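First subunit A sits with subunit B, and in the next complex the same chain sits with subunit C.
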Partner chain A sequence: MSQSTSRSPIDVESLVENFNYRRVGKYALVVLFLGFFLVPLETGIMTALKTNSAIARSLPFAPPAGEGFTLTNLEYAFSQLTNSFVNSLLMAVPATLLNVLLASMAAYGLTMVSWRGQLVVFALFLVGVFVPYQAVLVPLAQFWNNMFPLAQMLEPLFAAIPFLQGGHSRLVPLTITHVAYGIPICTVLFRSYYKSLPNSLVEAAKIDGASITKIYRRIVLPLSLPMFGVVFIYQFTQIYNEFLFSFTLITGANHPAAPVTLILPAIGSSTEGIDFGVRMSAAFLAALPTIILYVAFAEQFAKGLRTESG
Partner chain B sequence: MGRIQLDHLTKRFGETVAVEDVTIDTEDGEFLILVGPSGCGKSTTLRMIAGLERPTDGDLYIDGDHMNYRVPQNRDIAMVFQDYALYPHMTVRENIRFGLEEEAGYTAAEMDDQVDATAADLGIVDLLDRKPGELSGGQQQRVALGRAIVRDPEVFLMDEPLANLDAKLRSQMRTELQQLQADLDVTTVYVTHNQTEAMTMGDRLAVLNDGRLQQVGEPLTLYHEPANQFVAGFIGEPMMNFLHGYADDETFIGSGLEYPFDDRLADAVGDTDELVLGVRPEAIDVRRADDATGEREPGSHEFRMQVAVSETHGDQNVVSMTVDDEETDHDTLRAVTDGMHVVTQGDSVVVTIDPDTIHVFDGETGETLCNRLLETKPEFTAVSSN
Partner chain C sequence: MATRDTTEPTNQPAVSTDEVVDWKTKLRYFLNSDFVRSSPYWGIPFVIMGIAVYGGIGYNLVISFTDYNGLEPPTFSSLDLEMYRTALASEAFREAAINNFVLLISFTAISLILGLFLAILLDHGIRYKNKVQTIYLLPMALSFVVTAQLWLWMFNPDSGVLTIIVTTFGFDPVDWLGNPQLALPAVIFALVWQFSGYAMVVYLAGLQSIPDDQFEAAKVDGASTIRTYLRIIVPQLKESSVSAAVVLMVFALKAFTFLYSLVGQYRPPNGTDILATLMVRQAFKFGKWAYGAAIATMLLLLALSVIAPYLAYQYRQGSL
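And now, the complex of A and B:
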């Protein structure tokens, strides 16, 4: 040791020591955060798979052992959620599609077409991003119930559709509301993407004689497909998980049009107390569609983004 | 057909003046080159002709029609962009066809025929079903050309179309573009910052600097009779030598050298004080000082200089020389010598500058006071009019 220090002017030993402390600290932090995020999830899944007595007797995060294992919680939760799954998808899929399409058009108009006052309009969109949902709940309810009772108007129509009830008409104002409130953030996302597209493509199309709508349809829309994927995932998750608008416009878990987020708080609770197994099962089932969407498509969309830009 | 007139065209972006008071009149079928350094306003001028920018002031006519407020699709123009701007999601066929779809009076079959014919002309038939991303730079360039040609426009606009190609391909495409333009006989406005491209391709050149038009003319006119120091320096490779100094009693006093005027130069200078002498590198005669004649006292238009750098090009050498004394930075003189006439760094040389080859510029304004004499002038006009 003394030899090595005398040979080189750099103090190797202290360098190694510093390095080690840093590494240990870093890994400790990583493990801590990993546990912080993963233990509750693991606990939830384990709870969903345990009988009530097993939940009471074993540690929360311990896996179910022997007779403590059951699937009845999941079965029960699924039967309770089936209708609301349909409702949620019936509302969230069209809302997201419409939302993304309109937002991309708006972003195109605000970014690639030049007209007077577009910055002011864009500023309004930005303001829209920051409007808190809580602030608009009462006016929203008044608008859809008193001023423009669209759900009531459409009720007979929905009653005539097989498998649906008249009450499902309430999904229509809910969908429109989601579209309206989702457009600002999606527009901002699209705008940043359109800013990165080379301007010369649009200019070339202009010189080729294409109109504004044709440029959108033939050039901009096909080029923004990867961005469509990204914004679709994001916005679908937002709308699917949204609670306040659903609660305001559909009112309760007992309504035939109630989406998943309205059913969840009510499930598994009764006068005898809370059935944690059913609760956890329902929670994970409810999260399933968004998880599937991420797992199935996120990689593809990311790949799409890379190839398009490279 | 497509005669383009720019009449006092001006473009301002806020406070910045991009193009100021540019007046150019092209002839039908002419190949006009807008040339100048980066940021000189040449691209903006082209974009105004294309209709992508609206002029702040002045008028633009194509074929006699006032164009200021007309959208690009109504101008009957086609443009080739520097980055080609091919639509990445379409095949080459769709790219070329895109512009045709907006033209009236074509059936689908006619459009396909037109696309095939254009592709055949440009030798890109094999590429028709590929996407632009799968093509090399040169192939993309051809597709971009095809997209412009297929619509048979009145005017071609090209914004540095060869800038992204490597040197070899560039000179090849240069020739092809010239041939194509001559075959199609369509008025073409071509923007470049590359003076070689400008000199070799254009019927006429318009040199811009700082948004202002410096001179319009045929390549050789600009080369031999530049209107000012900027044009003189911009046109020609290697660049014209400039010697800065002042006039004193019919003699030019520069840093480290004196050059007596002959009658022609003295007349042109008049009583201007600050002067810049310009002389083309190929007009300078260089010989080793230790040649037989090197022993005698240098004549009035000869200087002893020292070689600083000698670049070998094979067919010629470019020699940079400075006045041989210990003082601070003098103007460097560059000369082009014969390829076999090799001098090396540190050599002492005798430089002869014939007064007839000297251009004189006003040191303050840069205006030309007089250009070199051209004994061969009748000859060069005869050749160029062929």
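And now, the complex of A and C:
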């Protein structure tokens, strides 16, 4: 960051001195790519706000005009998605919290305390980041359906909870699954942060005879609060957006425990084809929580992505 | 002889108590060591993750050697490579593998080039750089499921945006996803849209770590901007390229969700079947669990062939 600003005097100079075609071209390219990245989103939102006849008649990216404007599609999509929003949050919030806590602990044990063979253990975490989940899907389905049917065991308990149905018990194995497979990436994120922290504080505490637990609670935890934010936002987005585990463990879009991503590909489709007004409304609503998080915490999100690549 | 006889019994216990003390201190040291003391911290997450990832991979491998098809519990008495032989001989598998490679290579390459281009563009004293960067990266925050819906509409042959662009230039409307020749390039295009921002962020971080005097020196030497970048800057971004490429390739291997959500069914558009979609279809739709597990193992090997050299490279660089 600081380097790019220290380079800026040169750019400012050239900015003032030669207002030339190159500068115009540069900004034209920037705007062109703004269009490239925004048009699919803008088109989706505009389509969500149009009546079906307006969708058929007007250009897809044109804003709805006069009679063509409607909120019916959004309202319908929202009514279809309400339950699944609750399901997504019931799953994603606890999973992310557990993920962040466990990963911070793991990264602490792998970075701030040194012991032999640490790197091997970390390498095993790191490989876990890159494993395609297809390679564990069959065992996953086997485990939660046949070997340890936790959802079935918890069904009576969930049936007793107001507002929930017995079927919601499937969210429990789903949450545990997300926690288990989310640990690697969160550990990598925390570890790169802990490695960047100055070692002197921890060393000083060690010389004073502070135990490993005390160092974690008193020094590392307070220092890593900003990183908790980064990892939480990153991982919440990942889990909320995830599809494959829900697909494997909850299966149908009609299931009471289905999260948003599971329902979305089925909304607004019938034998006559896809009702794009409804489908785009649903897509927009489904994306809204992550878009809000992203716009509010863009810097943290980008930071999470940068550290992910090592 | 006699002396030795007498000394030996007296020495023996002394030696053994020494050993006991030694063993006990060793154990005490061990229990007090940072390894043991810190083990609750890394150990608990490690066990949870280990069971899920490595236990899962192992069990998947075992299932892939059986004939398990969901009707009765898998039998582990006769393990063989039959499923792998079936897969390698099948036309569908070969087609999926080829599509997978095409997707992997072209998606990664295009995303890297576009990402590098965008990073250089933004690194060039653009005003509102951070805001522009936020917008370029926005698709990355969306779920595959959402982007699939957006692009399904973009590619719509009747009134999608791309169809309108094509027809304004005087061409006939194209059924992008319905044409087996065009479906895979269309999917790659959509995925590039979603992930080139990621490559851009990684490259921007790389560009910012290059000292400014190199730009200045090149400027003093009278090198053109393009030459400066091609000759001096880009070679220094090797590390960024490698790590971005690996992450992008892994995204490409996970493209299942995008393909499934495009159509909302197990079979993706014709010409876009990849190993991941084939695996899920065989296992979860047709109940050929062992066959699906075998395809999954080969997909894993493909992923490992990307990751292992990367980790070795990182290790040699000392940046692990």
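Operating definition for what follows: the second predicted complex is superposed on the first by the 269 of 310 C-alpha atoms of A that agree within 3 Å, B and C clash if a C-alpha of one lies under 4 Å from a C-alpha of the other, contacts with A are read in each partner's own complex, and residues count from 1 in each chain.
Everything below uses one rule, namely that contacts are C-beta pairs under 8 Å (C-beta built on N, C-alpha and C of every residue); 3 or more make two chains touch, one makes a residue touch a chain.
Here the structure is a predicted model, which is why all the values come from computation and not from measurement.
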Subunit B and subunit C placed together on subunit A: clash or fit? fit
Answer with first, second, both or neither: which of subunit B and subunit C does A:Leu201 touch in the superposed model? first
Check: First (subunit B), second (subunit C), both or neither: which does A:Ala103 touch?
Finding: second
| task | Identify the partner contact of A:Pro156: answer first if only subunit B is touched, second if only subunit C is, both if each is, neither if none is. | result | neither
In this superposition, the partner of subunit A with more touched residues, subunit B or subunit C, is C
| said: After the superposition on A, what does A:Gly35 contact: first (subunit B), second (subunit C), both or neither? | reply: neither
Once superposed, subunit B sits from subunit C at a minimum Cα distance (Å) of 7
Residues on subunit A touched by both subunit B and subunit C 211, 308
Subunit B partner, complex, touching residues on subunit A are 198, 200-201, 203-211, 214, 218-219, 222-223, 308
Listed in rising order, the residues of subunit C that touch subunit A in the complex are 33-35, 37-46, 48-57, 59-60, 63, 73, 118, 121-126, 130, 132-154, 156, 159-161, 164, 193, 197-198, 201-202, 205, 208-209, 211-212, 215-216, 219, 240, 243-244, 246-247, 250, 253-254, 256-257, 260-264, 275-276, 279-280, 283-284, 289, 292-293, 295-297, 299-300, 303-304, 306-307, 311, 314-315, 319-320
Subunit B contacts subunit A in the complex at 50-52, 71-73, 77-79, 81-83, 85-89, 98-99, 102-103, 147, 151
Listed in rising order, subunit A residues that touch subunit C in their complex are 1, 3-4, 6-8, 10-12, 14-15, 26-27, 29-30, 33-34, 36-41, 43-44, 47, 55-56, 59-61, 102-103, 105-106, 108-110, 113-117, 119, 121-128, 130-143, 146, 177, 179-181, 183-184, 187, 211-212, 216, 237, 240-244, 247-248, 261, 264-266, 269, 274, 276, 279-280, 282-283, 286-287, 290-291, 293-295, 298-299, 301-302, 305-306, 308-310
